[in-house]
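Next, two complexes with subunit A in common: one pairs it with subunit B, the other with subunit C.
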Partner chain A sequence: MFAAVWKAIGMPATKLRSFMGGIHPLKRKELTRERPIEPIPLPGKVVIPLFQPAGKEPRPIVSKGDIVTAGQVIAEPQDGRGVFVHSSVCGKVKKVGRFPFPAGFFVTAAEVEVGEGEKPFPPMERTPEGPEIIEIIRNAGIVGMGGAGFPTHFKLKGAREAGVEFLLVNGAECEPYLTADYRVLMERTEDLISGTKLLLKASGAKRAYVAVESDKKDAYDRLGGMVPDDDVIKPVLLRAKYPQGSEKQLIEAVLKREVPAGGLPADVGVLVQNVSTACAVHDAVAFGKPLIERVVTLSGTPLKRPGNYLVRIGTLIEDLMEAAGPDRDNIGKVIVGGPMMGFSMSRLDVPVARETTGVVLLSRVEAEVEPSHQSCVRCGKCLYVCPMFLPTSEICIAVERGDYALAVKLGLENCMECGSCAYVCPSRRPLVQWIKTAKLFAKKVKK
Partner chain B sequence: MSPKLAISISPHIRTRETVPRIMWTVVLVLLPAGIFSCLNFGWHVLSVIAACVITAVVLEALIQKLRGKEITISDGSAVLTGLLLAYNLSPALPIWMAIIGTVVAIAIGKHAFGGLGHNIWNPALVGRAFLMAAYPGAMTTWFPSRLAGAVDAMTYATPLNVIKQSLPQSLPSLGEMFFGIRGGCIGETCCLLLLLGGLFLLWKGYITWHIPVAFLGSLACFAVIASGGKPQAAVFAICAGGAMLGSIYMATDYVTSPVSVRGMLIFGIGCGIITGVIRKWGGYPEGVCYAILLMNSATPLIDRLTLPRAYGEAKRKVWV
Partner chain C sequence: MNQIVIYSVVVLGGMGLVIGLLLSVVSRALAVKTDPNVQKILEALPNVNCGACGYPGCQGFAEAIAKGEADPAACAPGGQQVADEIAEIMGLEAREKEKVVAIIHCRGGSKCGKAATYYGLESCTSANLAGFGPSACVFGCLAMYDCIHACPFDAICLDENEMAVVDREKCVACGKCIEICPRSLIELVPVDKNYHVLCSSKDRGKAVTSICEVGCIGCTKCVKACPSDAIHMEEGLAVIDYEKCTNCGACAEACPVGAISFFAGKEVSTV
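Moving on, here comes the complex of A and B:
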């Protein structure tokens, strides 16, 4: 009877898969959800960062004055983890030097003045196999496009060596505002399936699940209608909850497997790749097209035309914003990434990187800074929402006292900084800020 | 020129729930029980409540000023402490005693430990415990329930008194107990209103069910066993005295109760059993206040022993 009532009020018949903890923030996805992917006009210049979060920074092989074409290699990897970096436009190299990066520091980057001579990438004739695909991915400069930017070829290599069973294609996109992956799911479904097949071949996994949150049910249905009948690739519907798109929480929800602390998904036989990454793999293998552009959600109330834009890597945020008609007087905060984990910008001459999922603008009112935080009242709300089941309140009380050793003992380093705790904290404590700081200090203490 | 931009560490959005919002909501939810009390015990009740609340707020401001701290009386926590203390006092208590109790609650119970978030014991209950020790006579002089009809005011006793001292008076029916037509402390009598308020807080997510259910459940079980298996003893036990007020509004105090779910269950069960033990064998007819204070003392220990098992960790860590 309960099930009948459940169905009658329009609830899904089966219980949606999910994980423990998490939050339901205001999503604001309606701002850009129905906006198809749209290329922005080429800017006057781009600044292509060579930075990658793992391994040595690739070495630039162009210098001032060189003429480059879109897709030409401008930097070479220096170790096994490194990937190639390509010019995203045709033009002239103006400078190779230090430029600001969204994460708040300076990195080596190449500034290219945009010229002419764009050529389409012709289809490739050969269909490569496993290890060869991994090499193509590396040559195409593909990194995790869901936000982390970890080199994809290196992840694939590890997965292949570990002999993973499952590939999870991550289309959860749980960050509020962001809809880039959703549009990719809807508009590039075939490429996504092709990319998924390539990733299966490259990693040696037997089956793939494409995971989508329940607020994107149309994408799930579309996938269901388009995947081949052989049951190798299957879409899965997950409960819409933040941070469902986090690797460990995704594995937990789809496969009920728990990645050991300090371990990798490969330890439980899983490889996770973002949907945009899968499409980039398709582009690289089918057209020899390196990762030189991506879909970025540009959203927020101070914009007249928020949307999902196809953007060249290295486009500066200030140029990107122009495409959406910003109300300049009402911009209070510019966030690169989503509002839960993204970085707030102090300047707008930072480039869109390969892992930039979105740019979110908050109005002056929305960006108002909380006056001050209060003492922890030990309400425990941070514990209930922590997807890593950490005693956040206790960790932060320890951090406040400067007791980093205790903070580490309580699990500081397992924190992935998803921000669920700080979102719910009624005392407005800057929990993520303390945890980030404490991680730096804890490292120093260890050394 | 680029606009002036705000900079902060993520997350850049937050829930609208804040400590002041929660405190003021609890205050609002408690008000109906106070109004009921005025009808039940007369208007003296109102002056006791006003004395406690005003003293709490003024004293908190004074102490924070003296300590050179930010004055935070607008966050509602002092108001709530004053109100809860008043609800735990006899309706016949002289105003000056109520004021002394509030001074102890705020100055010693709360600010001696460093203010909101740092106290070990529920401040309102510290105030009540002090008054019970200092003025036991005044604290146990009761008004009869006006709604129940005329009773001799001089010799009136609460239902728990009747049982404890085996008085010849008749007990109110369970229905009267539930609707609050009985004698007792100012805010504890009307179970119906307290329960409705508790359900509202539960719905808002301000409290969880664990402590009230564990508290009342274990108290009810204890009462049934102690009475030799009478089920109505369970209803009497949870409607009598301050069980409802204590379990929903005092034991769930964020600062002085455990943070983890397992910790809250242990805490609640401990409160229920200690209450039952004091009622059955103790010197006082009612034990809610001391039960909560005792379990407050155990809270840091419970917290340390009930840390959640971190995701991906094979074993639960114990933090000593």
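Moving on, here comes the complex of A and C:
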């Protein structure tokens, strides 16, 4: 009876896979959903960050005054985890020094004044094997393009050694506003399939699942139409819920496997890669093209032309915004990344990094917030939505008191800062900000 | 009746005697060997448990000294006096320790431009995480109380310019504020030096003047003015070498913006 009604009102026949917890924020994806990927004009200068979240920062090998071409190596890795960094434009190096980075700290970066001499990357005829692909990926400077920026080659190497069974290609893109991965899924489907096959070969996994949320069903259908039923690659439709795109939640939804606290997906025989990363792998193998540009969603109501833009790595947010025609008087907030996990910026001279998925602008009205928060009322909403099952309210009460040891004991380090708890909190408590701060303080203050 | 009294006295008294003897034997045989010096050192220490020495409180520090692992002069709040006392207990030669105090290399405060409105938690670290915080200068003091809360000696406060300043009399150079400052603005300097570069901006001159009235613009006038060659430029910022500095004040006179100032107490005054 229930099933019949369910079908009659046009709901999908099978129950969609998902994870426990999570929220349903306002998506606002319609702003940029139907905008095809479009390259922006080259800016006057780019600032190419050499930062990577794991391992030692790559060592710059160019200095002031050097002439570089697009795709030329400008920094070499210092350890096994590091990747090469390439110039994203042709031009002259103006400065190698410390520059502000979206995450709120300074990183070594190279400022390049854009000149002329762009050359296309010719197709290369090669069919590399597993370890060879990993080497190509490292030389192409590919890092996880879903937001974390972890070096892809290192992840693959770990997965290969652990002997993973499954590769999950993450096209969930659960952050509101962002549609970059959706456009990549729609427009570069063939490259994605080719990249996924290369990743399968490199990781040694047997099967690949391309996970897409139910609000992007057309991408799922398109993918389903392009891969044969008995292929090693299979698209999976997941329930649209935030944070579905998080690594651990994706594994839970698709494979019903739980990654242990502090563990890696390889511990449960899974490797997760973003769809944009898979396309970058295809580019690196088929064209020898390093990671010098990426699709960035530029969205928000203060923009005249919000859309999905193909942007050179290192383009400043300022220049990027200019491409979409911003209504400067109406900008209330600039967020690098998605609105849930991104960083709001007080300055616009920060670069687009390899892991920057989008830039979201809020109007003055949208950005208005109540400046103060109230005490915790112990309603437990945050516990209900936490996808990591953490006692969020208790952690934050401990942090508020300055008891960082207790916060760590309650699982502070396991928080992935998805922001679901802060989204539902009726007392408007800045829960994620407390946790982010406490993670830094817990290291500094040993009590 | 009498018998009951006698029995109980004998039984209880006997038990007490036997257990007492047993305890005295056990306490000798299983005694925990403690260094008598630990207690003496602990008495000499200020017992504020600040942790500046790197050991878990004064007890831990005293034990480490008694074992000869820690430097007797490492107690920051105690200073020279305590170092001498400990050296005497341990029979060591006391080392002369230069008295240092913390200084915050920024005096922007209300003179620093604002780039954004910040609604989050009142903590420098939190604000800095949220896209460099509200101030236009990414190098300067955010004045959101992180160091003030971290200071165990109440030696840092906000002055009338909304700027965190160190009270040199209360500061014992424990280094807690240095650890907590998200922008690494705080440094320990010799207490007898009176001129300091009160700016940390590595921006270019024009960028600095557009956001701050008192920021170092990297003009190198101080470098030229210094008679003892104690100032050099690091990434567009003047840095004083305190070993060479003679307290003459020529740099402060030469500085066109007042980034180098006479700073000998709580008050900051421009020469």
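Going forward, the second predicted complex is superposed on the first by the 441 of 447 C-alpha atoms of A that agree within 3 Å, B and C clash if a C-alpha of one lies under 4 Å from a C-alpha of the other, contacts with A are read in each partner's own complex, and residues count from 1 in each chain.
Here is the rule we use: a residue touches a chain if its C-beta (ideal position, glycine included) is under 8 Å from a C-beta of that chain, and two chains touch if they have at least 3 such contacts.
All values reported here derive from a predicted model rather than from experimental measurement.
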| said: So in the superposed three-chain picture, is A:V369 touching just subunit B, just subunit C, both, or none of them (first/second/both/neither)? | reply: both
| Is A:P391 in contact with subunit B, with subunit C, with both, or with neither (first, second, both, neither)? | first
| message | Quick one: is A:Q433 in contact with subunit B, with subunit C, with both, or with neither? Answer first, second, both or neither. | response | both
| After lining up the shared chain so the two structures overlap, which partner does A:G91 touch, if you call subunit B first and subunit C second: first, second, both or neither? | neither
| Looking at the overlay, does A:G358 come into contact with subunit B only (first), subunit C only (second), both, or neither? | neither
| task | Give one of first, second, both or neither to describe whether A:P58 is in contact with subunit B, with subunit C, with both, or with none. | result | neither
| Is A:P290 touching the first partner subunit B, the second partner subunit C, both, or neither of them? | neither
| field | Which of subunit B and subunit C A:R347 touches, first, second, both or neither | value | both
| field | Contacts of A:P339 with subunit B and subunit C, given as first, second, both or neither | value | first
| query | Which parts of subunit A are in contact with subunit B and also with subunit C? | reply | 343-347, 369, 430, 433, 436
| task | Under the touch definition given earlier, write down the residues of subunit C that touch subunit A in their complex. | result | 51, 115-116, 118-121, 123, 125-126, 128-136, 138, 150, 179-180, 182, 202, 235
| field | subunit C-touching residues of subunit A, taken from the complex the two chains share | value | 97-98, 100, 102-106, 336, 343-347, 369, 371, 430, 433-434, 436-437, 440-441, 444-446
| In their shared complex, at which residues does subunit A touch subunit B? | 23, 25-26, 176, 248, 252, 258-263, 318, 328-329, 331-335, 337, 339-348, 360, 362, 366-370, 372, 374-380, 383-384, 387-391, 393-394, 409-411, 414, 417, 419, 422-428, 430, 432-433, 436
| note | Counting only contacts in the complex, subunit B reaches subunit A at residues 2-3, 5-15, 17-19, 21-22, 70, 72, 75, 114-118, 254-255, 257-261, 264, 303, 307-314, 317, 319
